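A single structure is presented below for examination.
Chain IDs A, B, C and D follow the sequence of writing; residue 1 opens each chain.
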Amino acid sequence: MTLQRKIFGLVLLLLLALALTLPFTVSNYMLRVCNMTMITYMCVVSLFVIFGMAGQISFAQAGFWGVGAYISAILTVKLHVSALVALLASGLGTAAFAAILGLALFRLHGHYFGFATIGVVMILNGLFQNWKPVTGGADGIANIPPFAIGSLEFASETSLFYLIAVAVIIISIATYVIYRSSLGRAFMAIRDNEIAAKCMGVNCYQTKVIAFAISGLYCGIAGSLFAFVSSYISATSFTFMQSSLYLVMLMLGGYHSLPGPIVGTALLMMLPEWFRFLQEYILLIYGLGVMLLMVVMPDGLIGGGKQALESYRNKRKGVANVAQK
Amino acid sequence: MKKMSFRKILSVSAVAVLGCFLSAGTANAQELKIGVVTTLTGEKALTGVYSRNGIMLALEEINGKGGVNGKKISVMIEDDGGNDAGAVNAFNKVLSLGADVVIGPIYSTMDLSMSPSIKKAEIPTLVIGSSNDIAKQKNPWMFQTRTADAVSAAAIANYAAKKLGLKKVAILHDTDNFASGAAEVATKTLEDLKVPPILVEKYNTGDKDMTPQLAKIRASGADGILAWSQLVEAGLIMKQIQSMDIKVPVVGSNSYVTKIALDLAKDNAEGVYSVADYVYSNPAPWTAQFAANYKAKYKLESEFNSAMNYDAVYVIADAFKRAGTNDKKAMRDALAAVKEVVGVSTTYTFDANNVGGTSVAIVQVRKGVPQIIESVRGR
Amino acid sequence: MSPKNNPVMVLEKVCKRFGGVVAADDVSFELEPGQIRGLIGPNGSGKSTTLNLISGICDVEPGIILLDGEDITKKAIHERARMGIARTFQHPRLLSRCDIKTNLFLGHDLGNMRRASGASQEIDQSVDELLDVAGLKIGMDDSIKTLSYGQQKLLEIIRAILTKPKVFLLDEPAAGINTREMDRIRALIAIAIRNKAAVLLVEHSMDLVMSLCDIITVLNFGCVIAEGVPAEIQGNEAVIEAYLGRRRHA
Amino acid sequence: MVLQLIIASLAMGIVYGLVAMGFVLIWRAVGVVNFAQGDLLMAGAYVAFTLTELEGLPMPVALVACAAIMALVGVVFHFLTYWPLRKSWDMTVIISTIGASIALKEIATLVWGPAPLSVEPIIPGIARFASVSIEWQFLVTIVIAAALMGMIFYLLEKTYIGNILQATAQDQYAAELIGIPVVVATSMTFAISALITGIGGMLISPIFFVSTTMGGSPGLKAFAAVIIGGFGSVPGAIIGGIVVGVIDTFSGAYISSTYRDAIVFLCLILALLVRPQGIFGEKISDKV
């Protein structure tokens, strides 16, 4: 096993080096695409927490993403709050909103909860589009000042890249720590077998609300960063379709473990940019590609990869056992 | 618990900032490269296809006559997928391909989301959204070619109140950025004329059944309806107004007199007024020429999307002729100095706020064909 | 009944009706720490229902359940689990999409949660000890799907032991098990007893029940028809009749 | 005015009912929520356009032809999204239907072009009675849709084929054991589901025109209809559809026309919280 770890370590260092020097080797266009990919990744990780780990399918993520974006936009544009405070307010505000919502909706189980979250994202989208006094209605909110801590301003795409990268690293580490912690095990117990989880002392209702709050926190932070990156937000970005894209990214990447969202997001955000020359056919190929990938790799790229690795190892072990007897 | 291997955690985060390879475009010094951001996929694909038709037709004509000062014009079209983030991506893409000047989409929310990138990239960009917010951005590099709502929406209100003598007007409009902004301006104009609207009804893009709104309008005894809609909803509203026996004059946005909406509504569109940037049946020689060329090339009737994009190319060509170089600063100043460039949609003169469209036409549908009644000059 | 020392759990007149069907009718017995009580009876006699009533999956209509003297009749499943009730299921309920380590650590989490002091080192060592006793030579990172049915049952028992329970409910551990795994189950139950847990064993295989249990309660149609040491139960007329039906007089 | 609203809400409700019925049939047969059901409505409308406007078929012939084509589309859809994934987790099928939803819209855009199209109504003109004036097509939609629902309901409940489909829906494994070719049963269910929703599309195409985006809003509102009516019950889907139609139309008229959609989805959430099993559904308890 250690050989595999060493290779893994090498690959990681290479990637890290590449990542740090990325802004200088890549055009402004691809840099903005990377920034948007990382922001989308945070929402997909939030779906990984509530659905990948805790097993509760949720379409509310784009709604929470919107709540986070609007909190930051309103605080900075209308109340002239400092960017850092707005970011925290977005994260915690959305987490609180998700928790309250969870308290109400987690009396429902399985698909019923999923349908309720479809209602949530549609209602939120309706509010973003029409609640003029607060969200600026159809005009959205423009001129969101760039992110700044004290005098240090993050206006250029490169500086934003590092800012978002820091947030992504923190969220990835936090999720990895949760994944390995007792809280993470409680999530997965709920996902796999709720009755067994209860018998193992897991307060399912409370734990699901915590998972929903954490996913709200991630979406809130992602929404806030989205507001600062694009400095203009309108309701057209926070739709049911966006939520289902997060689900597609998570499932294609592999919902089992943390690398899944990374691969899924990177794949589905970068491919349409690389295949821009397809113009009108891009969405058709996107749709058919999703269907094909689900058939070929039901457990996603990472899940599928692991299975291939495992079956390869079992075959090798099987051969070894036969030899022993 | 085993010691948490720090390397494993770093691997998780490093992969998250996955890089990708560079896509550099080749820059050709003298030739003028126009970058076009429009919607070719998703729900709003219709407007994008028409915009592209208008641009390609203009390009063909200009390059056919040897280009400008002997230099050809080339176009790079990128799809924005119908959402704000997509528009910014497409804008950055054409920028990286070395565009000298950009033509933006007709949806104001996308223009507004591109505005910061335009200012940062300092590249002259013509946007075709009509919302007044665009001028408010005070972005020196962004030019609003379309006649802004301030003129067209006010013209609808004035025409309804003064010419048609309507006293109790009802307003019905989509909740998208275009219609909401226009409705606001019209409401204010009507209030200034002391005939405030007695009822304002809204619907969401994609709604099909307008019965609730129209039933309320019929019950309110309104003597006229002002409406701002996209193409499909325009056809729907004209049809449902007739099918609910609401016999009052209707003054709609430009969508109401496009061939598409008239094909959908058929004879229900009879007598509908509209304040239009462009109508395919405009008898003026250069407009009729465009309509004929367009129909010959695409087997489709032209409409305002293709007309305004067609004009945008000619406005850029005019500026390029005077600037003589594809340098961005020079092109910007040349664009700002565009004076009385006669287009098929309107005559273009960029004012201090970089708004170019100067006039709209009052039109009425008679025997299935929109007839121009009068032209309203904003300035 | 063995001399009365302080019972860890007491059931008093516990009843349960599913519509017309009487699943439990005035069931009463006590569980002493370090003692194995067998709960036997023909199919549908209310054995599993009793386990569900104790673990909280089913609500007790009339009747009281006490744990260390505290009334837990109204407590939720997870609260009872945290107070020291651990159970296995007829068909093992393991986390199918997790690896073995996660499954085991789930039990370990509950064990930690209940004890203020974090005796985690000691726990680690006993995981390996339990795995050796159960004869499970498996990689911690293997997925549950690689385990046989018998191995899954053993793993579920280990997971329950890891929670250091006061009351350990076993729902037909021997069902679908070969003899080699049967001995391992005996060894695991012995470990639980050594940890002073009170074991309630619901089982059909008589040789396991008769050899392991200190005392046995027999249920039929939800009622307790007999209670006593294994020897008494084997000779008891009512028990034989419940299982084999009335002997027809020649 | 109220009568006008009632008829309009009935017509919209029946359409939501048809889409919801399509949902429920697929859900009962294979336990999967089809996110592309709204796009089958759109497909039906485009097929209707081709049959009536391009081929010029008279209406009754077009109706039958459209039904046949949509049944075929249903079978193809079944083998593309469900069949290859029937063994794996149901979530993978849901993702596959999301992919199909995107692909269906783009195929329509590429084949028929992005422009909206109009279809001749079965009975043109406007019906006027008792202060109500509404297009005849609205009433035709209600009548034909109700007849179609009745036929499908009869097929499912009373006929031998219906029993086969019900048996497969309840327990595929058991159905296979007693010799039912499950692949035939599930593909037939998908065919019926696409047929109903497709005919729904054909019926509303003259009223609301044919466009690639016409499937979106009805698809989501059909979700609400399925829940309010009772998840998994066919009559529930129909009644749920009409209830949603009424909520949609009357909230638009009396509460606020802008928050019409939001109100429908608020009712969805309230229905879930108050009565998750819906009007007709039976309480689904957690099986230990």
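Everything that follows uses one rule, which is that a contact is a pair of C-beta atoms (placed from the backbone, for glycine too) under 8 Å apart; a residue touches a chain by one contact, two chains touch by 3 or more.
It should be emphasised that the depicted structure is a prediction, and the values quoted were computed from it without experimental measurement.
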Comparison of A-D and A-B by number of C-beta pairs in contact, larger one: A-B
Chain nearest the overall C-alpha centroid of the shown protein atoms: A
Centre-to-centre distance between chain D and chain A (centres being mean Cα positions), rounded to whole Å: 32
Between chain C and chain B, distance of the C-alpha-averaged centres to the nearest whole Å: 73
Centre distance in Å when chain B and chain D are each reduced to the mean of their C-alpha atoms: 35
Residues within chain D bordering two or more other chains: 106, 109, 258, 261, 288
Residues of chain C engaged with two or more neighbouring chains: 57
Chain A residues counted as touching two or more neighbouring chains: 126, 130, 195, 280, 283
Of all residues in chain B, those that touch chain A in their complex: 1, 4-5, 7-20, 22-24, 40-42, 45, 77-79, 81-85, 88-89, 92-93, 95-96, 108-109, 112-113, 115-117, 120-121, 131, 133, 136-137, 175-177, 179-181, 202, 204
Residues of chain B that touch chain D when the two form their complex: 41, 43, 45-46, 49, 175, 201-204, 206-209, 211-213, 215-216, 218-219, 231-232, 235-236, 239, 242-245, 260, 263-264, 266
Complex interface listing, chain A residues touching chain B: 5, 8-9, 11-13, 15-16, 18-19, 22, 25-30, 32-34, 36-38, 41, 126, 129-130, 137-140, 142-143, 155-156, 161, 165, 168-169, 172-173, 176-177, 180, 230-234, 236-237, 258-259, 262-263, 266, 270, 272-274, 276, 279-280, 282-283
Residues of chain C defined as touching chain A within the complex: 55-57, 76-78, 81-82, 86-87, 89, 93-98, 102, 105-107, 109-110, 112-114, 143, 146, 159, 163
Footprint of chain B on chain D - complex, ascending: 1, 4-5, 8, 11-12, 106, 109, 113-116, 118, 126, 128, 133-135, 204, 207-209, 211-214, 216-217, 248-250, 252-253, 257-258, 260-261
